[in-house]
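Each structure below is given as C-alpha coordinates.
Below, chain A partners chain B and then partners chain C, in two separate complexes.
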Partner chain A sequence: MDLFSDQVMVSLVKELDAGALRQRVMANNIANVNTPYFKKTVVEFDSLLKKALGREPVEMITTDPRHFGGKPSLAELRPEVSLSKETTMRTDGNNVDIDEEMTNLAANSMQYQAVAKELSERYSGLSYVITGGRR
Partner chain B sequence: MAGFFTSFAISASGLTAERLRLDLISNNIANMNTTGRPNDPNNPPYRRRIPLFAQILRQEEDAGVSQPLFSGAGVRVTKVLEDSNPPRLVYDPSHPDADEKGYVAYPNINVVNEMVNMITATRAYEANVTALNAAKDIALKAMEIGRG
Partner chain C sequence: MQVSPVGLALPVQPAGPGNKQESGGSSFADMLNDSLKKLNDSKVNADNLTLKFLTGEIQDFHQVAIAMQEASLTMQLAVEVRNKVIEAYQEVSRMQV
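This part shows the complex of A and B:
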(Lines of atoms letter the chains of each structure in order from A and count residues from 1; the text may use other names and numbers.)
(Lines give C-alpha, C1' and ligand atoms only; values in the text may rest on other atoms or scores of the structure.)
Protein backbone atom coordinates (compact mmCIF):
# COMPACT_ATOMS: atom_id res chain seq x y z
CA MET A 1 0.00 0.00 0.00
CA ASP A 2 1.36 3.36 -0.97
CA LEU A 3 0.38 5.74 1.76
CA PHE A 4 2.96 8.42 1.02
CA SER A 5 3.88 7.70 -2.56
CA ASP A 6 0.63 7.25 -4.41
CA GLN A 7 0.09 9.13 -7.66
CA VAL A 8 -1.65 12.07 -6.03
CA MET A 9 0.95 12.58 -3.29
CA VAL A 10 3.81 12.38 -5.78
CA SER A 11 2.08 14.84 -8.12
CA LEU A 12 1.50 17.26 -5.26
CA VAL A 13 5.12 17.12 -4.12
CA LYS A 14 6.38 17.56 -7.69
CA GLU A 15 4.01 20.47 -8.11
CA LEU A 16 5.48 22.11 -4.98
CA ASP A 17 9.01 21.62 -6.31
CA ALA A 18 7.98 23.16 -9.61
CA GLY A 19 6.35 26.09 -7.80
CA ALA A 20 9.53 26.84 -5.85
CA LEU A 21 11.60 26.60 -9.03
CA ARG A 22 9.19 28.89 -10.86
CA GLN A 23 9.47 31.41 -8.04
CA ARG A 24 13.26 31.33 -8.38
CA VAL A 25 13.12 31.76 -12.14
CA MET A 26 10.70 34.68 -11.91
CA ALA A 27 12.75 36.35 -9.16
CA ASN A 28 15.74 36.09 -11.50
CA ASN A 29 13.79 37.60 -14.40
CA ILE A 30 12.59 40.46 -12.21
CA ALA A 31 16.06 41.09 -10.74
CA ASN A 32 17.40 41.35 -14.29
CA VAL A 33 14.66 43.62 -15.60
CA ASN A 34 17.23 46.35 -16.30
CA THR A 35 20.10 44.15 -17.47
CA PRO A 36 20.92 44.82 -21.14
CA TYR A 37 20.67 41.81 -23.50
CA PHE A 38 19.16 39.65 -20.75
CA LYS A 39 16.70 37.04 -22.01
CA LYS A 40 14.09 35.67 -19.65
CA THR A 41 13.76 32.02 -18.70
CA VAL A 42 10.47 30.18 -18.42
CA VAL A 43 9.44 27.00 -16.59
CA GLU A 44 7.41 24.33 -18.30
CA PHE A 45 5.75 21.88 -15.93
CA ASP A 46 1.97 21.62 -16.25
CA SER A 47 1.99 20.06 -19.72
CA LEU A 48 4.69 17.58 -18.64
CA LEU A 49 2.62 16.61 -15.60
CA LYS A 50 -0.42 16.16 -17.79
CA LYS A 51 1.59 13.94 -20.11
CA ALA A 52 2.94 11.87 -17.21
CA LEU A 53 -0.55 11.38 -15.79
CA GLY A 54 -2.19 10.74 -19.15
CA ARG A 55 -3.44 7.28 -20.04
CA GLU A 56 -1.88 6.01 -23.21
CA PRO A 57 -3.06 2.82 -24.94
CA VAL A 58 0.37 1.26 -24.49
CA GLU A 59 2.23 2.32 -21.41
CA MET A 60 5.96 2.02 -21.59
CA ILE A 61 8.06 3.31 -18.77
CA THR A 62 11.27 5.05 -19.80
CA THR A 63 14.25 4.57 -17.54
CA ASP A 64 16.55 6.87 -19.47
CA PRO A 65 15.87 10.29 -20.95
CA ARG A 66 17.14 8.97 -24.31
CA HIS A 67 14.38 6.38 -24.48
CA PHE A 68 11.36 7.31 -26.48
CA GLY A 69 7.99 5.92 -27.34
CA GLY A 70 6.76 5.56 -23.78
CA LYS A 71 5.22 8.04 -21.48
CA PRO A 72 7.48 9.64 -18.90
CA SER A 73 7.10 8.13 -15.46
CA LEU A 74 5.77 10.35 -12.71
CA ALA A 75 8.70 9.65 -10.42
CA GLU A 76 11.17 11.00 -12.98
CA LEU A 77 9.11 14.02 -13.88
CA ARG A 78 11.18 17.21 -13.82
CA PRO A 79 10.17 20.72 -14.78
CA GLU A 80 11.89 22.11 -17.85
CA VAL A 81 13.62 25.48 -17.80
CA SER A 82 14.18 27.15 -21.14
CA LEU A 83 15.49 30.46 -22.35
CA SER A 84 12.85 32.54 -24.08
CA LYS A 85 14.35 34.22 -27.12
CA GLU A 86 11.23 36.10 -28.06
CA THR A 87 11.86 39.60 -29.27
CA THR A 88 11.10 42.79 -27.51
CA MET A 89 10.21 46.38 -28.21
CA ARG A 90 12.96 47.52 -25.91
CA THR A 91 16.19 48.82 -27.39
CA ASP A 92 18.45 47.17 -24.80
CA GLY A 93 17.59 43.65 -26.02
CA ASN A 94 15.97 42.69 -22.70
CA ASN A 95 12.71 40.76 -23.14
CA VAL A 96 11.38 40.71 -19.57
CA ASP A 97 7.72 41.73 -19.51
CA ILE A 98 7.25 43.05 -16.00
CA ASP A 99 3.44 42.88 -16.12
CA GLU A 100 3.59 39.25 -17.16
CA GLU A 101 6.10 38.44 -14.42
CA MET A 102 4.02 40.16 -11.73
CA THR A 103 0.85 38.34 -12.81
CA ASN A 104 2.59 34.97 -12.90
CA LEU A 105 4.19 35.70 -9.54
CA ALA A 106 0.77 36.21 -7.93
CA ALA A 107 -0.67 33.16 -9.70
CA ASN A 108 2.27 30.95 -8.70
CA SER A 109 2.04 32.06 -5.09
CA MET A 110 -1.65 31.20 -4.89
CA GLN A 111 -1.20 27.91 -6.71
CA TYR A 112 1.64 26.95 -4.36
CA GLN A 113 -0.46 27.75 -1.32
CA ALA A 114 -3.39 25.75 -2.67
CA VAL A 115 -1.20 22.72 -3.37
CA ALA A 116 0.48 22.97 0.05
CA LYS A 117 -2.94 23.11 1.68
CA GLU A 118 -4.13 20.09 -0.28
CA LEU A 119 -1.03 18.12 0.77
CA SER A 120 -1.59 19.16 4.35
CA GLU A 121 -5.19 17.98 4.21
CA ARG A 122 -4.04 14.61 2.89
CA TYR A 123 -1.61 14.23 5.76
CA SER A 124 -4.23 15.13 8.32
CA GLY A 125 -6.55 12.61 6.67
CA LEU A 126 -3.88 9.93 7.13
CA SER A 127 -3.33 11.07 10.67
CA TYR A 128 -7.05 10.73 11.36
CA VAL A 129 -7.02 7.18 10.07
CA ILE A 130 -3.88 6.26 12.02
CA THR A 131 -5.30 7.45 15.31
CA GLY A 132 -8.60 5.75 14.56
CA GLY A 133 -10.46 9.00 14.75
CA ARG A 134 -9.68 9.35 18.44
CA ARG A 135 -7.19 12.24 18.10
CA MET B 1 14.28 24.44 1.32
CA ALA B 2 17.44 25.69 -0.36
CA GLY B 3 15.25 26.82 -3.23
CA PHE B 4 13.59 29.44 -1.11
CA PHE B 5 16.82 30.90 0.18
CA THR B 6 18.17 31.05 -3.34
CA SER B 7 15.02 32.90 -4.30
CA PHE B 8 15.51 35.36 -1.42
CA ALA B 9 19.13 35.91 -2.47
CA ILE B 10 18.11 36.53 -6.09
CA SER B 11 15.56 39.18 -5.10
CA ALA B 12 18.08 40.70 -2.68
CA SER B 13 20.63 41.00 -5.48
CA GLY B 14 18.03 42.91 -7.49
CA LEU B 15 17.35 45.21 -4.54
CA THR B 16 21.07 45.88 -4.04
CA ALA B 17 21.67 46.61 -7.71
CA GLU B 18 18.70 48.98 -8.03
CA ARG B 19 19.66 50.69 -4.77
CA LEU B 20 23.17 51.28 -6.09
CA ARG B 21 21.69 52.71 -9.28
CA LEU B 22 19.54 55.08 -7.22
CA ASP B 23 22.61 56.12 -5.22
CA LEU B 24 24.49 56.89 -8.44
CA ILE B 25 21.55 58.87 -9.82
CA SER B 26 21.37 60.88 -6.59
CA ASN B 27 25.08 61.48 -6.83
CA ASN B 28 24.71 62.65 -10.44
CA ILE B 29 21.94 65.08 -9.55
CA ALA B 30 23.79 66.33 -6.46
CA ASN B 31 26.89 67.02 -8.56
CA MET B 32 25.05 68.70 -11.41
CA ASN B 33 26.91 71.96 -10.76
CA THR B 34 30.29 70.55 -9.76
CA THR B 35 32.53 72.50 -12.09
CA GLY B 36 36.00 71.96 -13.49
CA ARG B 37 38.50 73.72 -15.66
CA PRO B 38 38.17 72.78 -19.35
CA ASN B 39 41.02 70.59 -20.65
CA ASP B 40 42.74 70.49 -17.28
CA PRO B 41 43.36 66.89 -16.20
CA ASN B 42 44.08 68.03 -12.65
CA ASN B 43 40.71 69.73 -12.28
CA PRO B 44 38.14 67.88 -14.38
CA PRO B 45 34.40 68.47 -14.02
CA TYR B 46 32.28 65.73 -12.46
CA ARG B 47 31.33 63.03 -14.90
CA ARG B 48 27.96 61.31 -14.87
CA ARG B 49 28.23 57.78 -13.42
CA ILE B 50 26.29 54.84 -14.84
CA PRO B 51 26.12 51.31 -13.39
CA LEU B 52 26.70 48.35 -15.68
CA PHE B 53 24.30 45.50 -14.87
CA ALA B 54 25.09 41.87 -15.60
CA GLN B 55 23.33 38.69 -14.62
CA ILE B 56 24.91 36.28 -12.17
CA LEU B 57 25.15 32.65 -13.14
CA ARG B 58 25.33 30.26 -10.25
CA GLN B 59 28.31 27.96 -10.04
CA GLU B 60 27.03 24.52 -10.89
CA GLU B 61 28.07 23.17 -7.53
CA ASP B 62 26.07 19.97 -7.76
CA ALA B 63 27.10 19.10 -11.30
CA GLY B 64 27.81 15.41 -11.52
CA VAL B 65 25.31 14.50 -8.82
CA SER B 66 22.39 15.84 -10.78
CA GLN B 67 22.30 18.45 -13.47
CA PRO B 68 21.00 21.69 -11.96
CA LEU B 69 17.82 22.83 -13.63
CA PHE B 70 18.45 26.51 -13.47
CA SER B 71 21.66 28.48 -13.30
CA GLY B 72 20.40 32.06 -12.92
CA ALA B 73 21.21 33.73 -9.62
CA GLY B 74 20.18 37.35 -9.91
CA VAL B 75 21.94 40.48 -10.99
CA ARG B 76 25.00 42.46 -10.01
CA VAL B 77 26.71 45.67 -10.90
CA THR B 78 29.98 44.73 -12.57
CA LYS B 79 31.28 48.23 -13.19
CA VAL B 80 30.50 51.86 -12.60
CA LEU B 81 31.16 53.68 -15.85
CA GLU B 82 31.81 57.36 -16.32
CA ASP B 83 29.88 59.04 -19.07
CA SER B 84 32.35 59.94 -21.84
CA ASN B 85 30.27 62.81 -23.21
CA PRO B 86 32.22 66.07 -23.35
CA PRO B 87 31.46 68.54 -20.57
CA ARG B 88 29.14 71.44 -21.12
CA LEU B 89 31.11 74.71 -21.51
CA VAL B 90 29.66 77.87 -20.00
CA TYR B 91 31.14 81.31 -20.49
CA ASP B 92 31.76 82.81 -17.03
CA PRO B 93 35.15 84.61 -16.81
CA SER B 94 34.76 85.53 -13.15
CA HIS B 95 34.40 81.88 -12.05
CA PRO B 96 37.46 80.47 -10.23
CA ASP B 97 37.46 77.44 -12.57
CA ALA B 98 37.40 79.53 -15.75
CA ASP B 99 40.18 78.93 -18.29
CA GLU B 100 42.08 81.63 -20.25
CA LYS B 101 39.17 82.04 -22.66
CA GLY B 102 36.69 82.44 -19.79
CA TYR B 103 34.95 79.07 -20.10
CA VAL B 104 33.94 76.83 -17.20
CA ALA B 105 33.28 73.10 -17.65
CA TYR B 106 30.01 71.80 -16.20
CA PRO B 107 29.08 68.10 -16.09
CA ASN B 108 26.99 67.02 -19.05
CA ILE B 109 24.01 65.87 -16.96
CA ASN B 110 20.48 65.98 -18.31
CA VAL B 111 18.22 66.18 -15.29
CA VAL B 112 15.21 64.77 -17.18
CA ASN B 113 17.27 61.73 -18.08
CA GLU B 114 18.22 61.22 -14.45
CA MET B 115 14.61 61.56 -13.27
CA VAL B 116 13.39 59.00 -15.81
CA ASN B 117 16.13 56.58 -14.75
CA MET B 118 15.20 57.20 -11.14
CA ILE B 119 11.58 56.20 -11.77
CA THR B 120 12.71 53.05 -13.60
CA ALA B 121 15.00 52.13 -10.72
CA THR B 122 12.26 52.74 -8.15
CA ARG B 123 9.76 50.61 -10.05
CA ALA B 124 12.27 47.80 -10.49
CA TYR B 125 13.06 47.98 -6.78
CA GLU B 126 9.36 47.64 -5.96
CA ALA B 127 9.05 44.67 -8.31
CA ASN B 128 11.89 42.95 -6.47
CA VAL B 129 10.16 43.60 -3.14
CA THR B 130 6.99 42.01 -4.52
CA ALA B 131 8.96 38.96 -5.67
CA LEU B 132 10.60 38.70 -2.25
CA ASN B 133 7.23 38.86 -0.50
CA ALA B 134 5.82 36.14 -2.76
CA ALA B 135 8.82 33.93 -1.93
CA LYS B 136 8.26 34.59 1.76
CA ASP B 137 4.57 33.68 1.50
CA ILE B 138 5.21 30.37 -0.18
CA ALA B 139 8.10 29.52 2.18
CA LEU B 140 5.85 30.11 5.18
CA LYS B 141 3.12 28.02 3.56
CA ALA B 142 5.59 25.19 2.98
CA MET B 143 6.40 25.18 6.69
CA GLU B 144 2.74 24.70 7.49
CA ILE B 145 2.56 21.39 5.62
CA GLY B 146 1.60 18.63 8.00
CA ARG B 147 0.63 20.91 10.80
CA GLY B 148 -2.95 19.75 10.46
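This part shows the complex of A and C:
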Protein backbone atom coordinates (compact mmCIF):
# COMPACT_ATOMS: atom_id res chain seq x y z
CA MET A 1 0.00 0.00 0.00
CA ASP A 2 1.64 3.23 -1.06
CA LEU A 3 -0.86 5.82 0.05
CA PHE A 4 1.72 8.55 0.49
CA SER A 5 4.33 7.84 -2.18
CA ASP A 6 2.31 9.63 -4.83
CA GLN A 7 4.39 12.15 -6.83
CA VAL A 8 2.52 15.24 -5.69
CA MET A 9 2.52 14.26 -2.00
CA VAL A 10 6.27 13.52 -2.00
CA SER A 11 6.95 16.83 -3.79
CA LEU A 12 4.91 18.73 -1.20
CA VAL A 13 6.75 17.06 1.69
CA LYS A 14 10.13 17.80 0.08
CA GLU A 15 9.10 21.40 -0.51
CA LEU A 16 8.30 21.73 3.21
CA ASP A 17 11.72 20.29 4.07
CA ALA A 18 13.33 22.83 1.76
CA GLY A 19 11.24 25.66 3.22
CA ALA A 20 12.29 24.81 6.78
CA LEU A 21 15.93 24.58 5.75
CA ARG A 22 15.69 27.88 3.86
CA GLN A 23 14.27 29.49 6.99
CA ARG A 24 17.23 28.32 9.09
CA VAL A 25 19.76 29.36 6.47
CA MET A 26 18.28 32.84 6.16
CA ALA A 27 18.12 33.22 9.95
CA ASN A 28 21.82 32.35 10.01
CA ASN A 29 22.52 34.98 7.34
CA ILE A 30 20.58 37.65 9.22
CA ALA A 31 22.29 36.77 12.51
CA ASN A 32 25.65 37.29 10.83
CA VAL A 33 24.81 40.57 9.14
CA ASN A 34 27.54 42.34 11.14
CA THR A 35 30.12 39.56 11.15
CA PRO A 36 33.25 40.62 9.23
CA TYR A 37 34.24 38.41 6.27
CA PHE A 38 30.99 36.42 6.53
CA LYS A 39 29.63 35.09 3.26
CA LYS A 40 25.93 34.20 3.01
CA THR A 41 24.62 30.74 2.19
CA VAL A 42 21.75 30.06 -0.21
CA VAL A 43 19.42 27.09 -0.65
CA GLU A 44 18.82 25.64 -4.09
CA PHE A 45 15.72 23.48 -4.46
CA ASP A 46 13.29 24.51 -7.23
CA SER A 47 15.58 23.56 -10.11
CA LEU A 48 16.41 20.23 -8.45
CA LEU A 49 12.71 19.45 -8.02
CA LYS A 50 12.12 20.41 -11.64
CA LYS A 51 14.82 17.97 -12.69
CA ALA A 52 13.48 15.17 -10.50
CA LEU A 53 10.00 15.64 -11.92
CA GLY A 54 11.35 15.50 -15.46
CA ARG A 55 10.11 19.00 -16.33
CA GLU A 56 13.35 20.25 -17.79
CA PRO A 57 12.94 21.42 -21.40
CA VAL A 58 15.93 19.43 -22.64
CA GLU A 59 16.87 16.18 -20.98
CA MET A 60 19.94 14.08 -21.47
CA ILE A 61 19.27 10.53 -22.52
CA THR A 62 20.70 7.97 -20.12
CA THR A 63 20.74 4.23 -20.52
CA ASP A 64 22.11 3.49 -17.06
CA PRO A 65 21.16 4.96 -13.66
CA ARG A 66 24.86 5.72 -13.05
CA HIS A 67 25.12 7.98 -16.09
CA PHE A 68 25.58 11.73 -15.58
CA GLY A 69 22.69 14.05 -16.28
CA GLY A 70 20.03 11.49 -15.56
CA LYS A 71 16.78 12.17 -13.76
CA PRO A 72 17.44 12.11 -9.99
CA SER A 73 14.91 10.15 -7.97
CA LEU A 74 12.25 12.17 -6.18
CA ALA A 75 12.57 10.18 -2.96
CA GLU A 76 16.25 11.03 -2.59
CA LEU A 77 15.83 14.70 -3.47
CA ARG A 78 17.60 17.01 -1.01
CA PRO A 79 17.83 20.80 -1.11
CA GLU A 80 21.39 22.00 -1.69
CA VAL A 81 23.10 24.60 0.48
CA SER A 82 25.87 26.58 -1.14
CA LEU A 83 28.12 29.46 -0.11
CA SER A 84 27.66 32.57 -2.23
CA LYS A 85 31.05 34.23 -2.63
CA GLU A 86 30.57 36.46 -5.67
CA THR A 87 29.07 39.57 -4.08
CA THR A 88 30.20 41.99 -1.38
CA MET A 89 28.04 44.45 0.53
CA ARG A 90 30.60 46.03 2.84
CA THR A 91 34.28 46.85 2.88
CA ASP A 92 35.04 43.91 5.19
CA GLY A 93 33.75 41.42 2.62
CA ASN A 94 30.43 40.60 4.29
CA ASN A 95 27.81 40.05 1.58
CA VAL A 96 24.54 39.81 3.52
CA ASP A 97 21.93 42.15 2.03
CA ILE A 98 19.54 42.56 4.95
CA ASP A 99 16.67 43.86 2.78
CA GLU A 100 16.97 40.92 0.41
CA GLU A 101 17.06 38.46 3.30
CA MET A 102 13.97 40.00 4.92
CA THR A 103 12.04 39.91 1.63
CA ASN A 104 13.00 36.31 1.00
CA LEU A 105 12.10 35.42 4.58
CA ALA A 106 8.58 36.79 4.11
CA ALA A 107 8.20 35.06 0.73
CA ASN A 108 9.45 31.78 2.15
CA SER A 109 7.05 31.91 5.07
CA MET A 110 4.09 32.50 2.73
CA GLN A 111 5.19 29.66 0.47
CA TYR A 112 5.62 27.37 3.49
CA GLN A 113 2.14 28.16 4.79
CA ALA A 114 0.56 27.60 1.38
CA VAL A 115 2.28 24.25 0.89
CA ALA A 116 1.49 23.15 4.46
CA LYS A 117 -2.18 24.02 3.92
CA GLU A 118 -2.33 22.15 0.66
CA LEU A 119 -0.68 19.05 2.15
CA SER A 120 -3.07 19.04 5.08
CA GLU A 121 -6.00 19.36 2.67
CA ARG A 122 -4.71 16.37 0.74
CA TYR A 123 -4.44 14.34 3.92
CA SER A 124 -7.95 15.27 5.00
CA GLY A 125 -9.18 14.36 1.51
CA LEU A 126 -7.61 10.92 1.89
CA SER A 127 -9.13 10.45 5.32
CA TYR A 128 -12.52 11.51 3.93
CA VAL A 129 -12.35 8.85 1.23
CA ILE A 130 -11.16 6.20 3.72
CA THR A 131 -14.05 6.84 6.10
CA GLY A 132 -16.46 6.97 3.15
CA GLY A 133 -18.02 10.27 4.19
CA ARG A 134 -19.26 8.94 7.55
CA ARG A 135 -18.47 11.19 10.45
CA MET B 1 -62.02 -0.09 -2.29
CA GLN B 2 -60.37 -0.31 -5.67
CA VAL B 3 -56.66 -0.90 -5.70
CA SER B 4 -55.00 -0.80 -9.10
CA PRO B 5 -52.43 -3.51 -9.65
CA VAL B 6 -48.87 -2.24 -9.50
CA GLY B 7 -47.79 -4.24 -12.51
CA LEU B 8 -50.03 -2.18 -14.77
CA ALA B 9 -48.90 1.17 -13.48
CA LEU B 10 -45.21 0.36 -13.82
CA PRO B 11 -44.45 -1.44 -17.06
CA VAL B 12 -41.27 -3.42 -16.41
CA GLN B 13 -38.77 -3.40 -19.22
CA PRO B 14 -36.44 -6.31 -19.71
CA ALA B 15 -32.97 -5.41 -18.39
CA GLY B 16 -30.08 -5.76 -20.77
CA PRO B 17 -27.00 -4.01 -22.02
CA GLY B 18 -28.67 -2.61 -25.11
CA ASN B 19 -31.76 -1.39 -23.31
CA LYS B 20 -31.65 2.39 -23.31
CA GLN B 21 -34.41 4.77 -22.44
CA GLU B 22 -36.03 6.24 -25.52
CA SER B 23 -36.71 9.67 -24.08
CA GLY B 24 -33.82 10.34 -21.66
CA GLY B 25 -30.95 10.19 -24.14
CA SER B 26 -28.09 8.62 -22.15
CA SER B 27 -28.48 5.90 -19.55
CA PHE B 28 -27.76 6.12 -15.84
CA ALA B 29 -24.58 4.10 -16.31
CA ASP B 30 -23.33 6.60 -18.91
CA MET B 31 -24.05 9.46 -16.55
CA LEU B 32 -22.18 7.70 -13.74
CA ASN B 33 -19.20 6.97 -15.97
CA ASP B 34 -19.13 10.56 -17.15
CA SER B 35 -19.23 11.89 -13.59
CA LEU B 36 -16.39 9.60 -12.50
CA LYS B 37 -14.35 10.76 -15.48
CA LYS B 38 -14.96 14.38 -14.51
CA LEU B 39 -13.93 13.57 -10.93
CA ASN B 40 -10.69 12.04 -12.16
CA ASP B 41 -10.06 15.02 -14.45
CA SER B 42 -10.47 17.46 -11.58
CA LYS B 43 -8.00 15.47 -9.46
CA VAL B 44 -5.47 15.32 -12.31
CA ASN B 45 -5.88 19.05 -12.92
CA ALA B 46 -5.27 19.84 -9.24
CA ASP B 47 -2.17 17.62 -9.25
CA ASN B 48 -0.80 19.32 -12.37
CA LEU B 49 -1.32 22.81 -10.97
CA THR B 50 0.31 21.77 -7.68
CA LEU B 51 3.43 20.51 -9.44
CA LYS B 52 3.54 23.66 -11.57
CA PHE B 53 3.31 25.77 -8.41
CA LEU B 54 6.09 23.80 -6.70
CA THR B 55 8.43 24.12 -9.68
CA GLY B 56 7.68 27.83 -9.99
CA GLU B 57 5.93 27.59 -13.36
CA ILE B 58 2.92 29.44 -11.97
CA GLN B 59 3.20 32.12 -9.31
CA ASP B 60 -0.36 32.45 -8.11
CA PHE B 61 -1.43 30.14 -5.36
CA HIS B 62 -5.11 30.95 -5.80
CA GLN B 63 -5.27 28.85 -8.97
CA VAL B 64 -3.97 25.85 -7.05
CA ALA B 65 -6.30 26.52 -4.12
CA ILE B 66 -9.32 26.74 -6.42
CA ALA B 67 -8.39 23.53 -8.25
CA MET B 68 -7.84 21.73 -4.94
CA GLN B 69 -11.18 22.90 -3.57
CA GLU B 70 -13.00 21.90 -6.75
CA ALA B 71 -11.43 18.46 -6.69
CA SER B 72 -12.25 18.03 -3.03
CA LEU B 73 -15.89 19.09 -3.51
CA THR B 74 -16.28 16.81 -6.53
CA MET B 75 -14.91 13.95 -4.44
CA GLN B 76 -17.35 14.73 -1.62
CA LEU B 77 -20.24 14.79 -4.07
CA ALA B 78 -19.16 11.43 -5.52
CA VAL B 79 -18.87 9.85 -2.07
CA GLU B 80 -22.29 11.16 -1.04
CA VAL B 81 -23.90 9.87 -4.25
CA ARG B 82 -22.26 6.49 -3.65
CA ASN B 83 -23.59 6.43 -0.07
CA LYS B 84 -27.09 7.24 -1.31
CA VAL B 85 -26.96 4.54 -4.00
CA ILE B 86 -25.85 1.93 -1.44
CA GLU B 87 -28.53 3.12 0.97
CA ALA B 88 -31.16 2.76 -1.76
CA TYR B 89 -29.89 -0.72 -2.61
CA GLN B 90 -30.09 -1.77 1.05
CA GLU B 91 -33.58 -0.32 1.28
CA VAL B 92 -34.68 -2.38 -1.71
CA SER B 93 -32.98 -5.53 -0.41
CA ARG B 94 -34.80 -5.18 2.92
CA MET B 95 -38.15 -4.81 1.18
CA GLN B 96 -40.75 -7.51 1.91
CA VAL B 97 -41.83 -9.35 -1.23
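The rule is simple: the second predicted complex is superposed on the first by the 119 of 135 C-alpha atoms of A that agree within 3 Å, B and C clash if a C-alpha of one lies under 4 Å from a C-alpha of the other, contacts with A are read in each partner's own complex, and residues count from 1 in each chain.
Keep in mind that, in the parts below, a contact is a pair of C-beta atoms (placed from the backbone, for glycine too) under 8 Å apart; a residue touches a chain by one contact, two chains touch by 3 or more.
In this text, all values refer to a predicted model and were calculated from it rather than measured experimentally.
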| If you stack the two complexes on chain A, which partner ends up touching A:27: first (chain B), second (chain C), both, or neither? | first
| task | Applying the touch criterion given at the start, work out whether A:107 contacts chain B, chain C, both or neither, answering first, second, both or neither. | result | neither
| request: Could you tell me if A:127 is touching chain B, chain C, both of them or neither one (first, second, both, neither)? | output: first
| message | With both complexes superposed on chain A, which partner does A:79 reach: first (chain B), second (chain C), both or neither? | response | first
| Once the shared chain is lined up, is A:50 touching chain B (first), chain C (second), both, or neither of them? | second
| request: Considering only the touch criterion stated at the top, classify A:3 as touching first (chain B), second (chain C), both, or neither. | output: neither
| query | Who wins on chain A residues touched, chain B or chain C? | reply | B
| note | chain A residues contacting chain B in one complex and chain C in the other none
| note | Listed in rising order, chain A residues that touch chain B in their complex are 16-17, 19-21, 23-28, 30-36, 38, 41, 78-81, 98, 101-102, 105-106, 108-109, 112-113, 116-117, 119-120, 123-124, 127
| remark: In their shared complex, chain A is touched by residues of chain C numbered 47, 50-51, 54-57, 61, 64-65, 68, 71-72, 75-76, 79-80, 82-83
| chain A to chain C touching residues, read off their complex | 7-8, 11-12, 15, 46, 49-50, 53, 55, 114-115, 118, 121-122, 125, 128-129, 132-134
| remark: Per the touch rule above, chain B residues touching chain A in the complex are 3-4, 6-7, 10-11, 13-14, 17-18, 21, 53-55, 69-70, 72-75, 120-121, 123-124, 127-128, 130-132, 134-135, 137-138, 141-142, 144-148
